[in-house]
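Data first, discussion second: the structure below is written as structure tokens.
In order of appearance the chains are A, B, C and D, and numbering begins at 1 in each one.
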């Protein structure tokens, strides 16, 4: 048998706490898992600093990626059993697309780095571009494995991930409002944080999911399961992903990296810092090999070194991050926003550099978006298929989903050192966790 | 209220996937959690390299330590409600012991370092001694918090952990054949690996556990729950803790550190290695501050650096560890042991340095041990209390436990590079995963 | 110790799949469980004919009643630990109310009979009145147990259940928009049907629930948990309680009893029917003893006898009920309602007596209701307590809850014999499960 | 498509709390579920009086039968995917056996009646023979459905159930030491009682199960999963199935039926009793139609009538059964057995008829049995398949299983009215729940 279709003599399983088992049936999937680029994902936490708030959230992007693969595999199994294509263009599932779908699922996060969201903000990296590069650059082990399938295969896999692949069914499996990626992370983050809100009926959703000309739709008999998924997702955002303490730790991380970069630019290759593997990024002269050497542990190692820095701000921010000393925060609104400069002045008066010791950010999620012809960019809406074959968009039939459609839910917060709370001038502006 | 008894104005909870919530009621517990020594445990995986076999096993000693605290808290709650001491020496529970029990539970693993078991073998550190030192040395934040309770309190906490504390009930809560430590790790490792064998009925065990003069015993009505716990523990050892792949990764780690130490001794402070935070250990001149700077990420960071080492063995072993390329292994017995030198010769002939590329180890567990007057050292046996107040030792009434009492279960294995399996001279000696 | 406060020498536990254990600490609770009126609840299914749709839903009102007791017990434990009353009228929890709360929780469904909702429609019984009578009538074992606590105690317990008890905290524990009754049935029906939608975070809700002057409110920090509970409840109604097949079986049951009553009135004590224990109800001359002899099995026994009836309609309806042959149904709206007479004519033409073989019903739920001064009757709204002690009503802060507040969700359906679907004149009016 | 192979146009699912969903793909399975003989199983509890001890154990033989079907379906799916037969006699799986396996799985308990074990002891019915008759008698709906597959099909299905079918793989799927029947009841009884001891890793067992010439064996890589299943089964027997209170209720039930039969024989068709549907059994002149009219509710209905009997013993035993007033019991041994007549005398002196108010019984289980050439009858032993294809019997490699192999575990107990415990002469013979 040729490599492309090579099935393992016996399927291999990985014990998984969320899906019970992950089933690997193709040699190429096993080979991808064994690449160094994929193994690196073991050293990058899925939720970054959220484990400072939910201590159980210590799982990595490696386990999540296996989960996305597994859900995609199950979707393919269901599609080929129930909706196999008879002829090209009939809108049913062509199982020769399975391998590109599975590889894209497995690799969709391969470019994620240590504390990605914060890191790329400071160092102008971009995990989506890096994902494309890892898949298509002939230097990587991932690319070498993919090329064995066919010379254009890496490009195809990459195009699924950046939504340009020709078959919308494959694209929507990996990336749409109800895709394998989101479904795995909701279940997995729920499982690990212990916050059960992210649970929904995966088996039922997989049963009602079906291919059609335009991509993927859902049998209307499963409307409640899809609705429940949307609400679960919303609740995980509100309660876990947007938790003020996690956002506060991210603020500290961002300020810490910003300070280090500032010092590096100002002072040059400071001996005390010794951030060997970070230097290419400080010097703004890095390639993909440099990027792939970074992980959470590498960054933390430098932060631990920086605890002994002569620069007080660097040492203090490293301490706040490594030893979990989050900033406090309050919510504010358009009406109360005007108070922030006043608070910043009090913080400055207390001796803090407000560039490093205050920040604002907002966390708004769009839990569900129906098509709006006036909008430039929009996610694929969820289509339900009625018994007679006609389609109806989810928010048209679900009052619950309709209630949250097109709405950005979340809040805006102002972050500051906890120590300020004992300042009466300061704390008088805070009531019920809000500025006033 | 004085610090020692200071309860939090409102109890604080931590969401926990295993126990649902961890309830913190004392200021001292919250303060201990916030010390840098305790926060460090977030960066040390509970199961070390086992996550290379069970990818979900990414949880840290931090979450486990909180879990042991929580189980201990529940035991205290049950004891004070059902078996409160009326007068000294009545063998019932004196709740003024609660705080020392809780602190010892929380801190019992505080001295664990990165990849402890392997690390201390190479560098002659000892996590038990370090635990004692972290608790009793005035330099640590942990000690400073404990001293607020009383000048002798750190010593008391330390003595609970090393089994010399005066009250055997407190000692056995934390360390005995059925203690808070083991109960948490079985449940937690089960939960995270997805290997359900470690499940048992914690609620029922807590209900039947009771204090007596000699320590802790169990109401005989709960015999089956205790039996189930012993069997669960045995199964986790057989299936998870002793998994050949995890043991193989530990072999590689051990060889890697051994090589690095060898090179350091031979070559001095090799610039390429740059193991800044490891140098005190290579130089055999470290103190507790040095130790507390190490964690899994720090070691991994150096291993990543070593991938580029000029020393081929160091670079190759680092690659095998970082990129998960385990040695293969086979079980052997006293009868087949004689074949090992022959296999080693073949491995040597294939170009491997057998000092670094082969190893043997055994993993035997003593799932349960009843008192044997002939043995020097033995664990506390499990006593069941009958309705009339008399005691009976567990293996006397449980046929299942009796079947495994005093027996060492496990195997001995020989480890070697996977590449050898394609050598026919070599592989002819392997059948059904055993030497022959 | 006097009976009223008599605690069991050792608390007794009942293994429960939902709450793990039910803890009984008072002699009076154990005695109530052992009364024949309470034991009868073992023979009455909690969800009636819903087990014809969700085969796992075979649990009884007995297990549910224990669950409501257990949740109430936990609420009392939390209240007395965290919010104990210092002086009368301070709005905090007076633990001398515990016993009346526990008894009311345990007995709140004691008057439920076999297939209550349908039965009382035909025979003009009323399970709420019967609950009051079982508790207050000196003839029952329940009353005899309660009287041991105090002469007015039965009346107090009954008044909690009918909402007239003086302490609104006790009333709202058992009956309000987020009470022990609803919380147990959502969890238990979820567990037994396997439809996971009814899951919510009970532990968290119990943590944030607190007493105040007006009854029971919730700390605003638990807003999301309460929101999740409301949504879970809504989803269980939409997907389980209002399932068209269950409603269809209820239609058949109602028609069956109605036919039997009609025959009894027309033909007198028909020998074939032999419904010994039902006769007092046919004769409209029953007392509470007669009522307490009925259960699901008793009614089914008569239905089995009726399978052999000479009356074809009675025999056929008994067959449809006993052997699960539900009517089919379609949804209709105000716009399509006019078609029903036309369909009924076709059914009549096919030889069916439409009085017995067709029906319409609607199932609408009001998932949450905020106070509306214009409405006569309204449920207690859910109040959230802010940090500064002020209150805010749930739908004011939860966009999700606001979306469903005051709305009746559900549908109206027309029921008919399945056989009609092969009639083309008939089936042309049905599309996508709706009349058209 | 002909009926035999007729697949449903779309597979039908039943929500199941244990297996999540039950998948029905063949018209014949759906038709069998809809027969009146199968629907009757809804009215027969799986565990009989055990729900008096574990109140959650209210599930019926209907749900269990669906579960056994589902596990068998999954075994067939795994076999056909991994071990499809290439030619007759190759010891692999011939999927034309699927339908007979599925039907046998679904119908294996079809002859179980109300409180079978006790009932057949008194009335000399035999549920195994009745199962055969329901399947093969042309009068039943079950038979009529099966005959549509083929004239010999009912006989084939029946022969699988009585172990005479030609293909041992099919027989062992439904009935062997590790079969679909036992696997479903352990999981289901565990789930419903809340006693988690019955849990084991079904997915893993299904993965390692494989066909061979002699029937069904297990890959040795799954040894621990099989071992865990054996131990789980043992623990469920010890803790749930043999619970003294359930056995006590069965004693009462047996005495009650025995008394009713005695009265019927002595007094003739006593009007007060009115056991219409039981009369054929009292008269020892029943056919299968009579048997199929019985269920738990029918028997309970007569017991409720008997509460008003003039016969004091009948009325009292009915009360003890219906209102759950179990006898007490003590364990005895060969050594203490001699005390029983003495206790019986005391009971007689207290005014009880010891024929009805005392009993002894033993409950011994043989958790696992390896082949013993000296034994006449033995269960199929569990064979494990090594990598090289050779077989080894389970107890040879599992020390845990070896410890319980061939051993009968359980106890013997003496049952008596609880009231006797206040008699000092009597109670002095009881210590630690044992005779002495």
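Simple rule for what comes next: a residue touches a chain if its C-beta (ideal position, glycine included) is under 8 Å from a C-beta of that chain, and two chains touch if they have at least 3 such contacts.
Everything quoted here is computed from the prediction, not taken from an experiment.
Peer 1: Which is the least count of steps on a path of touching chains running from subunit B to subunit D?
Peer 2: Shortest path length, in steps: 1.
Peer 1: Go through B-C and A-C and name the pair with more C-beta contacts between its chains.
Peer 2: The comparison resolves to A-C.
Peer 1: On a C-alpha centroid basis, what's the spacing between subunit C and subunit D, in Å?
Peer 2: 32
Peer 1: Averaged over CA atoms, how far is the centre of subunit B from the centre of subunit C? Could you give it in whole Å?
Peer 2: Between these chains, centre-to-centre, one finds 50 Å.
Peer 1: Roughly how far is subunit A from subunit C, centre to centre by C-alpha average, rounded to an integer in Å?
Peer 2: 43
Peer 1: Among the residues of subunit A, pick out those that touch two or more other chains and give their numbers.
Peer 2: 20
Peer 1: How about subunit C: which of its residues touch subunit D in the complex?
Peer 2: Contacts found on subunit C: 14-18, 20, 34, 36, 39, 42-43, 51, 54-56, 58-60, 62-63, 66, 191-195, 274, 276-277, 293, 295-298, 300-301, 304-305, 319, 322-325.
Peer 1: In the complex of these two chains, what residues of subunit B are touching subunit C?
Peer 2: Touch residues, subunit B against subunit C: 13, 20-21, 203, 207.
Peer 1: Spell out the part of subunit A that touches subunit C in their complex, as residue ranges.
Peer 2: 196-197, 199, 201, 220, 224, 227-228, 231, 234-235, 238-239, 386-388, 390, 399-400, 402-404, 407, 409, 431-433
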